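Next come two complexes, and both contain chain A; in the first it sits with chain B, in the second with chain C.
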Partner chain A sequence: MTTNKRQNAPAIIPSELTTLDPQERAQLRKQALWRVRLRLMGQSLHANWRLFTENPIGLIGLSIIVFYGCLALAHPLLMGRVWSPSIYHPVTGFNPLLAHPSPPSAQHWLGTDPFGRDILSQLMYSTSSEFILGMVAALLTVTIGTAIGAIAAYYGGWVDTLFMRLADLVITLPSLVLLIVLSGIFELNLPRLAIIIGILSGFGGTTIIIKSQALTIKVRTYVEAARVAGGSHAHIIMRHIIPNLLPLTFLYMMFTVTDAIFAEAVLSYFGLLNVRMSWGMMIYTTQSTGYLLNMETWWLIVPSGLSITLLCAAFYLVGRAMDEVINPRLRKR
Partner chain B sequence: MTVTAPLVRVEGLRKLFPLNQGLLRPATSFIHAVDGVSFAIAPGKSLALVGESGSGKTTTGKLLVRLLHPTDGQIVMRLNDADVAVTTLKGDRVRAFRRHVQMIFQDPYESLNPRRTIYDTVAEPLYVQGIGNVLDRQERVAELLTLVGLTPPSTFMFRFPHELSGGQRQRVAIARALVINPAFVVADEPTSMLDVSIRASVMQLMQRLAEHLHVTYLYITHDLAVARYMSDRLAVMYLGKIVEMGDTEEVLHHPQHPYTQALLSAVPVPDPGWKRTPIEIKGGVSKPVNPPPRCRFYDRCPLAAKICEDNDHPPLEDKSAGHYVACYRA
Partner chain C sequence: MFRFIIRRLMQIMLTFLLFLALSYVLIEAMPGDFANVFLQDSKLTLEQRNAIRASLGLDRPPQERFFIYMGALLRGDLGISFQYYPRRVIDVIVERAPRTLMLFISSTVVSFYVGFFAGKVLAWRRGRVLEYVTTVGGVTLYTVFTPWFGLMMIWLFAFTLGWFPIGKFITPSVWRRAPVEANLVFNWMLLTALGISVLIVVWLWLTRRMDGRRRGVARWAGVGALLVAVLAVWLPSGLGRYALNILHHLALPILTLTLISFAGTMLLTRNSMLETLREDYITTARAKGLPDHVIRDKHAARNAMLPVVTSLVFSLAFALSGGVITEGVFSWPGMGEVLLQSAVTQDIPMMMGALIFTGIFALLAHLVADILYAFLDPRIRYA
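On to the complex of A and B.
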């Protein structure tokens, strides 16, 4: 009784029972499975998109994200074609014709900072790194969280105990304080920050939530059916448990983006992050030059502060709207 | 028993579930879900396992398909003219064993993965066993869908379970169980979650497929009428023990164990004028946690006597030509 990998399906069904139409059989032979799958995926995306658009919250969040996405994309174009680098460069630019910080004007739409650098340029320049930071942290979080959550739930026992106690430990650590301590031990830059946030979140709370969801999937009868069919542990985890976890992981990706952007802002504000320019850095500059509580120079801190709030809120809103797409119980109808 | 070698032979099968197990503390009480069950199933002679909730029917079924490992006992199956000791299989041999033995589950709303198409679900046994290429599998799935009455197959293959009705889903589950042409199928109450109106058609389908595809069922049910329709032989379970076993008609017409008699007297008869002598049993079914060494049915039995209390659970004895009863008083 050994398995032959490429054995053909034997003709098992007696012909008098098979009523498969010859035309249908020929049709099946021609139909490409990947094309069918692509069509099904398109259909489900379309259906989910329609549910998503029914909710204004999600659309507001998405338009804010798209708006900042455009800002990020526009910056290199503006620097290359419209703005002179000597004046508009976000770090080294300086306009010698004005007294700084200068209020918003036709030349500098959002004014300049105390060092004479254009604030709009700084804002746009920072946007792309905020996005990358958020995305890297989020991807790392859900990859770790999904893998560990699925494995811990599926195998149970000491594997489960190990990862869950580790998760408890990570949750107990106040992550901002930990990041501040880490910044004293080695130099924190954006990629490192993204990795640390990803790992902290991936081994911490996200894992517990994903694992609890995986536990409810693991006991479903279709998992037993897959085992009776001869499916290996890897087959069951990859084909049955993780696909059913994906909606939830996607949701937690959105929330991690928010966390990452927020953490960056806080660390930059304390001057603990080795980064040339970021939204947190803009606030730090304002604070270190003594303009932070000066209402007359509002343009120094409103653009960056508002951007942090808006983008964090946007990802959170999109997450909430996706939650409604995933959990039919949350829908109003 | 029968002249031909049995397809399935079960001897002294036991499954205990620990109740109060701690990380370092061994369990002291156990649920005796299946406690010393022995039976044989001849090829083509489906056996129905009847009993109320908690009698260990489903556990027995899961032990047979190796979803659970027995605490004790032997399961030997005759597959491809070779005896296979199911309980000691390892690694690749388990997967090879699963080509011959499949299971149909009770709830068609739970047994199909909502994120996979009907094709993926039905083709799964072929896929994990590495049988055929994509085109072969598509064709085979289409054949099976036609066979279980989901026609034309092309309209069903790439749908998702939530687009089908309960009866259609159970047909998909049947197709999945039969797609690799198993010799033996454990059917765990496949019709109990279905509407009465479609129950009969699903049972007819299973009967028809059994005849033509040479499948033998272990049919788990709590419904005596269903058992009578679906099986050649019948075994009645009570708290992890088989109390009576024999040819279905014989057991139903001449029940000898007081529990079987009580079960039969509880079957509703569609005749208001029908008079019968009700056989009263006391109390309700309890959980078989650390059962005392006496007849399992002692607490509820109308015939209970001292012999039933002083001795262990009675052995299954051949009372007349293959009609086995486990009772001191019968």
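On to the complex of A and C.
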């Protein structure tokens, strides 16, 4: 009995079940439930991956992300085996044989900064922290945004009003000025910045969008059916509303990553962030040593500026391509 | 609908009060106060700094100051700025707000126009190389690291090519003998721009029922006549060259902001167009044998405009808070710069004043966008 009831509950993607022919469905019934789910999930993942790869925009974004991922992974290996830490360390390294800042050469592929540190090493060292920052902020955002969005849409009434006005409050505060004020109140480092951005974005703009999507799910017939069948509020929210919100939340994860990397860069650029090395920090170093508008020393500012732009754009492009996978009205067929 | 608006207005007032309190608490929570700005000056003794503190009322407990501030606010008194002493906060805002509004409203309108046009074409030519190149390029500009991009633009157009001045609002050498203040000229420019836009919209609306070729001619002639009339008023007034100087300073920031933000509108329009293109009436229009550009511009683009218009209203509303970064890079003396400076120097009255204006604007805009949505799309109704 329980198995049967669970069968009627939403499998991962309900439409996948209905497309199977009766014979195959009968066969599926005999297997263990988790196996069926795993297989269906695999199928839908495969279908979605096919849709995603049809779009070159997503592939461009993905390849940029993979490229930077490789950079991040390669840095510890290079430091351990190839580069001597006294010369190539991103923060304390110094090459005594050159006048600094020195242009790109065989020894320093992207040149050195005014303090004699290798730019390529700084760039690669910072990549992993940018990734972690983006991921933590994005995970926090979607967790908060999805939970609040689903609850506000499902219960409506004063719960909805409370959270929506809270969202108004958050988006009314100019975020950059808020971060500057917060950096005065306590020391901002990367984990704290990730948490603050995650909370701000989770209670602010993302919630509003996720809630409006949850409203359209709430009125679907399968939610009604679950209610008639005696499903509790928690059950309906956890098993019916949130799983159907997940594609959209995944999309907004991508946009939050972009926001987080951008915010880190801007705050470091203003010199308000307590980090040892980051892409924004590299631009700040260029600015504070007076090389900012000197285009003859382009290698000081172009690698970091371009990296921030490219990685932000990559996550945004992947988000855009995912939008076309998620939203059937945007598909080609 | 009426009840919905009333209820939302009540909620907005409550949210606004909370917003004020939260802002005040946050500013107070920063360590130090305005007197610390003078720490650099070694001649200033501790007693003198304490005297500054006492004269600004900073020696009283924060909660007491908050209630004094709120009481004054209810009487319509925004107080006196610390850093621009002895100017009143309201005067500083009246001086700065038009500059920010001009910069951000014009760049928002231009980027929406460009974005809408590009998005329309993009959706129509789906799957071509053009689409991918434009999307990747647009998104790269959209997510570009703004300070870096701003500096690159200054370096290229102002420093190397010398087409535009490097930052700032006016050129002092031109203005030395000017008969009037820059702000007066600027406010007249703002009014002119506003007047022109209203008249153009009215003219387009009046000519909407004309057919085909005649309408095109009438529209262009009307807009041309309007521009000539504006020039005819401005040139003999003797203020023309001053206005031109300001416009010259305005051009590069507007260009930069447009390049940065058009992709947002472009992608929004594209998605909205793609959804519209699946509708039955597009198939009908094709079956009727209508030319492609008619289907695209009249049947699809107009119906795809709804989310774009709503998003335009939203962007316009946030124009007042401006861009802290853009204004910083171009040293444009607007609201964003005031906000940043008052946050850094802990100029409490100035910061609260600026936040009050941007906050009211943003909260009301949210309401207007909601109402507009229901007004433009008959399927949405508020109970």
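The rule is simple: the second predicted complex is superposed on the first by the 301 of 333 C-alpha atoms of A that agree within 3 Å, B and C clash if a C-alpha of one lies under 4 Å from a C-alpha of the other, contacts with A are read in each partner's own complex, and residues count from 1 in each chain.
As a convention for this text, a contact is a pair of C-beta atoms (placed from the backbone, for glycine too) under 8 Å apart; a residue touches a chain by one contact, two chains touch by 3 or more.
Computed from a predicted model, the values in this text were never measured in an experiment.
When the two structures are aligned on the shared chain, A:P56 is found in touch with chain C, with no touch to chain B. Contact with neither chain B nor chain C is seen for A:G80 once the two complexes are overlaid on the shared chain.
In the superposition on chain A, A:P96 makes contact with neither chain B nor chain C.
Of the two partner chains placed by superposition, A:P22 touches none, neither chain B nor chain C. Of the two partner chains placed by the overlay, only chain C lies in contact with A:L173; chain B stays clear of it. In the superposed pair of complexes, A:G157 makes contact with neither chain B nor chain C.
Remark: chain A residues 56-57, 60, 161, 165, 168-169, 171-174, 176-178, 180-182, 184-185, 258, 262, 265-266, 269, 283, 292-293, 295, 301, 305, 308-310, 312-313, 316-317, 320, 323, 327, 329-330, 332 touch chain C in the complex. Taken in their complex, chain C has these residues touching chain A: 11-12, 14-15, 18-19, 22-23, 26-27, 29-31, 126-127, 132, 135-136, 139-140, 142-149, 151-152, 154-155, 159, 267, 271, 274-275, 278, 321, 324-325, 339-340, 343-344, 355, 358-359, 362-363, 366.
Those residues of chain A that touch chain B in the shared complex are 1-10, 12-14, 17-21, 24-25, 27-29, 31, 33, 36, 40, 220-222, 224-232, 235, 239-240, 243-244. Contact residues on chain B toward chain A in their complex (touch as defined above): 62, 65, 67, 79-80, 82, 84, 92-99, 101-103, 105-107, 110-117, 121, 124-126, 128-140, 142-144, 146-147, 151-154, 158, 173, 176, 180-181, 212-213.
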